[in-house]
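Each structure below appears as structure tokens.
In the two assemblies presented below, chain A is common to both, partnered first by chain B and then by chain C.
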Partner chain A sequence: MPKLLIVDDEIDIREFAKNFFKKRNIDVFTASGGQEAFEIIESEKPDLVLLDVRMEEMTGVELLKKVRDTGNNVKVAMVTGVEEEETVQEAENLGIIGYIHKPLVLEELEKIVLKELNNN
Partner chain B sequence: MNHKTQQIDYKRELEAASKSMIMVHEPKLLIRMIIRMIVQKVQINHACMILYVPAKDTYVLTISKGERGIKIPEGFARFDKNHPIIKLFNEKQYASLLLNKSAVLTQDLNKLIWQESILNGNNGNQKLLHDVGDQMRMLNVEACVPAKYKDKLLAVLLLGQKRDSTHFEKHELEFFAALASDVAMAIRNAQLFEGLKKESERNHDLFIRTVIVLGRAIEAKDKYTHGHTERVTNYCISIARQMMDNGSASFPDVFFESIYIAALLHDIGKIGIPEAVLNKAGKLNQTEMEIMQQHPMAGGEILKSLSELKESLDGIKYHHERYDGKGYPYKLKGDEIPMIAAIISVADAFDAMMTDRPYRKALTKEEAVEEIKKNIGSQFHPLPARALVELAEQRKI
Partner chain C sequence: MIEQHISLFSVSGLFVFLVSSSIIIVLRKLWLSRLHRIWVFFNFSVAFWGLFAFLFGKENNPSHALVLIRISFIGIIFIPVFLYHTIFILCDLKKTGFLKATYYQAFIWLLLSWSPLFIKDVKFVYSSFYYSDPYFFFHVFIIIWLLIVFISHFELFHTYLKSDYKRKNQILYLFLGVAVGFSGGITNFFPVYNINIYPFGNFLIAFYCIIVSHAIMQYRLSDIRVFITRAGLFISIYALILGIPFAIAFGWQKELVQLIGDNWWIGPLIISTVLATMGPFIYLFIQKKAEDRLFQEQLRYQATLRQASLGMGRIKDLKRLVTLIVHIVTRTVRLEHSMIYLNDSQNKRFYLGASRSRKVRFKPKSIIEYDSPVVNNLSVYKNPIVYDEIKQRTQDYGDLHLAHLEAEMKKIDAALVVPSFVDENLIAIVVLGKKISGQMYSDDDLAVFSILANQAALAIENAQFYEDMKQTHEQLFKAEKMATIGTMADGLSHQINNRLHALGFIAGDILDTIKMKKNMHMPSELREMLIEIEHGLSRIQDNVSQGGEVVQGLLKYSRRGEEGFSEVDFDHLIDASIEMTQFKIKSGSIRILREYDTKLPKIKGNFTQLQEVFFNLIDNAYDAMMQRKEELHEEGYLPTIKIMAQNTQPDFINITVEDNGIGIKGEDRQKLFTPFFTTKLSSKKGTGLGLYVIRKLIEDNHGGQVKYESQFLRGTKVHIRLPVAYT
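Entry: the complex of A and B
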């Protein structure tokens, strides 16, 4: 089963997204913050990371930078607010497969995730 | 029996919701109450409301309650106009599918699809119904209830499964439809209210700008007073604030608007004074002085028909009165002089002292403050005059 890691500091979003993708035969992991996510990326080696930009302790971009600094090229899709153009640019420079703006269309989220996981 | 008591309960809940709706200008509060009530009273695993967002021309899942993992997070998902559920409720061509239906249920969809295939063949309706079914399964939703005003879809109520796994009953669906219609009305009212508020703000803004223009018109005539109106207005606001801060007065918010307008227009009566007098390069003779001293009264005459400006009018008419009764043109004394005029009087004199006049040179700020101090209780009302002195001492003006 392909492995997906969902990183978001809102528990409602983590749990909803987890159920949403579990039904599609995906092995779903969740992390509520950057450090936890970093450890799961190291230990579980997910095929794709869905990464929220705005998080309290460590932002999505900071986490992404930390991951890339270790030479890890895991695929990352960012989930952002509309107003975060600069952050998106920064994330793109660090290498992401794409981003999706909240509020998002669920089918688009599904499409992005399934496409990337099927490519493996 | 049990069935019947439940119905009565719903009715009471509905009435309570409707009553609060009248009080709530923010429909989201009402919707939050309704969603919470539905989840608790009808015992369903989750419920949420998709709301039309005019600025983005899309629908956003805004309010959501229920079990974690099943409920769709608030603000996370949006439903564009081409989303099957939105299309079904929003587009005229599908209206016939929903005839006599206040809600779309998953258990009805197959029947509807079958009916369509018999009645209309393959006309796209079946595909849409299939898509709606897929969406409802994806969202863990058992019923969708539209909230419409006229033909416009304003919101959609999405309901999950009942905890006892039974289907929704007719009276429950009627209850949801009534709530949805309340929601539509609340949203509509809020939109109207918002529109009225905006219009009134626009009118008010236009009014204030007109007052400013009038104030400039006065200055254009009087070459000695360039910038005077604006400075006096700023002093007046500062003095009134200082009087609040030092505890010598407590003015309501409207007072600040009144004094703002009065200060902008305090010299409007000068419009009626011949320029030869207004701009004379020497001391005025007795007749000219009398003409000049009419300007507060003339200003009052010009503006008296605007009843909304009543408090400001006092400021304009009496801004040359003196605390000792030796001012003009009404010779009011002490507390007979409205505070709004007493404040303008100090601010006006303070600025005039610091301006060159044909008959004398301007004073420095320090000299002007000394002059104000000297005349506390004679020319000036002690409260605003002291406030101005305090402001000067604190270097706030």
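Entry: the complex of A and C
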């Protein structure tokens, strides 16, 4: 079963995204903050990470950097509300598969996630 | 050569001649008025007589004296004629029959005066000078002469009874003059009838001329009571000052010689010096007391007004200030009504600030235009205008300017107009009606009102400034609010976005579950319920996406984000825009006409932003039409918005939103697209940001064009060009 990590500080997003992808036979892990996410990435080695840009203790980009610094090239998709020039540039430099904008259309999210996971 | 002996009589003749000649010289400047002209003729007759009286009064040769006397009579013959004519004009009499008769009789006497049947000879009187020795016709002449004078004054009396206060005052002067002058003049006839009283009275004739001239020439004639009081006091006091020492000197000479000795005259001299020094002070003191008593009423309200002038500066609210001013003035001075007009420099006119009247249904004129005669006169002369004076001047001179001014003052019900100046600026115009007592406005009144008016000007300027400050303050506050909202928009939008995101996710996931399970076997009610839930959640998703776009739209105010463009159906767009203003459209009974092809090509644009644009346009149209409704009160006025769109150019759609509201004035047009500019009735109705936003959204975000066309009192057209969407 492909593994998916959803990093988002919103509890509803974590719950219902997990629900949604579980119905599609995907193993879903969730993390509410950067540190927790980092640990799960290390331990579970997910195939795709959906990473929220704006979070409390550590921003999405910071986490991404931390992960890349460990030499981990796990696929990451940034989930963002508003595009910020510097963030976009930085994230792209660190290597992401793309941007998903909030509020998102669930079907599109499904399409993207399934496509990426099937590419493995 | 026989020494010419100058008699007192002759001196009196000279005196009269000089006085009347002076009057003529002064009156020459006022030649234009009929009244003044005839009065000049009167004085000419008097002067003529005076000159020849002077000559024959010192003439020693009887035959020369006779000739001179006969010549002097020419003057006497015309005196009553011109007197009657003067009163004829003054009292505005209509029947010219009697007037003509006096002239005819004068010419008859003119012819007759040379005949011995009139003046037989001369006789030597008072051991001093020659005088006329009368014959039959002389007596007839005297009777007719007296009759004409009597009839003149009878007409005067008749007019007095039906005159207003001002005219009554003037006529009283004339009667006073008669009492003084003609009673003096009568003494002229004593020598004729051998009555042994010296004709001292001649001197008084001159005073008659002076008093009546004063009454006729002065437009602002002081109350006769003042004149009599002052004259009476002056004469009494100086009679005492001069008389007492003289009386002592002549009456008690013997006693003084006994007391003081040879230099007895020092006594009266000291007394007269003391009295002369004290004289002016005594005069002023008694005069003040007398006039205080006479003008109690006036002094009372003048004091009140002065106090009010001081207190005015404290009031900051303009409406309250002007209402208080008219209230105080009308009540204190006891007027029929008073109004105050304020300067509206934007619209180049004065508008009614406040009015107060005794009458319940008093409807004063609401506007005084800048080019009205009243404003012109005030601007040039900077002095109060008294209606009665203007009316009098118009009658006397027939000047067209004055006639216009008089008509205008009548139209605005003004008995007195007082300007309120601050430096050179006419801030306000105070219009006062008649005093209830009917009394006229005195010089003191005008002075006090002028002070009041100019204090009012300062207070009004203050209040206006204060109001402007309040408005600017409000606007700044609003601007700050908007700016704060702008800054908050960022953080807020992120928060709201997150909520929407969560909502969308939740709804989406449940919908997904339902989709997966709905083809399972289940009771029909359950299936129906499931379908209902599915539909509801789908609606929630739609709202979420719309909400997302609104948030994006909000962010456009602060910075550029992603465009979020799509194909926008124009009809659909208009539907949505109208829906946002449903309540206003219904309450204003606004008619909306749509003139475009529903198969118009789609617009490339952001639905929410375009909805914002058209909402603002409809909202502005609504305000303009409501303003027109409230200001113009036109019967059968149908507020209408016309929305037209055409695909005349291949790549663009040209849209026009037209309303028949009040429109924008030329001067305001340039300011239209600046933020905060608004001509809306109350700043609460609009922040004035509308057009600024529209331009930003259409031109910056959509690459379109906005053009504005407006005509004051016709309506406004907004032309928008938007690009066509190509799939």
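The working rule: the second predicted complex is superposed on the first by the 118 of 120 C-alpha atoms of A that agree within 3 Å, B and C clash if a C-alpha of one lies under 4 Å from a C-alpha of the other, contacts with A are read in each partner's own complex, and residues count from 1 in each chain.
We take it that a contact is a pair of C-beta atoms (placed from the backbone, for glycine too) under 8 Å apart; a residue touches a chain by one contact, two chains touch by 3 or more.
Note that this is a predicted model, so its numbers are computed, not measured.
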Exercise for the section: Would you sort A:K3 into first (chain B), second (chain C), both or neither based on which partner it touches? Expected result: neither
Exercise for the section: Return first, second, both or neither, reflecting whether A:V105 touches chain B, chain C, both chains, or no partner chain. Expected result: both
Problem - Which superposed partner A:D12 touches (first chain B, second chain C, both, neither) - result: both
Exercise for the section: Classify the contacts of A:K65 with the two partner chains as first (chain B alone), second (chain C alone), both, or neither. Expected result: neither
Exercise for the section: Return first, second, both or neither, reflecting whether A:K75 touches chain B, chain C, both chains, or no partner chain. Expected result: neither
Handout entry: chain A: partner with more touched residues, chain B or chain C
Key = C
Handout entry: Common ground on chain A, meaning residues reached by chain C in one complex and by chain B in the other
Key = 10, 12-13, 16, 19-20, 102-106
Fill in the blank from the handout: Listed in rising order, the residues of chain C that touch chain A in the complex are 490, 493-494, 497-498, 500-506, 508-513, 516, 541, 544-545, 547-548, 555, 561-562
Completion exercise
The chain A residues in contact with chain B across the complex are 10-13, 15-16, 18-20, 102-106
Exercise for the section: Can you check the complex and tell me which residues of chain B touch chain A? Expected result: 60-61, 64, 68-80, 83, 138-139
Problem - Residues of chain A touching chain C in the complex - result: 10, 12-13, 16-17, 19-20, 23, 54, 81-83, 101-107
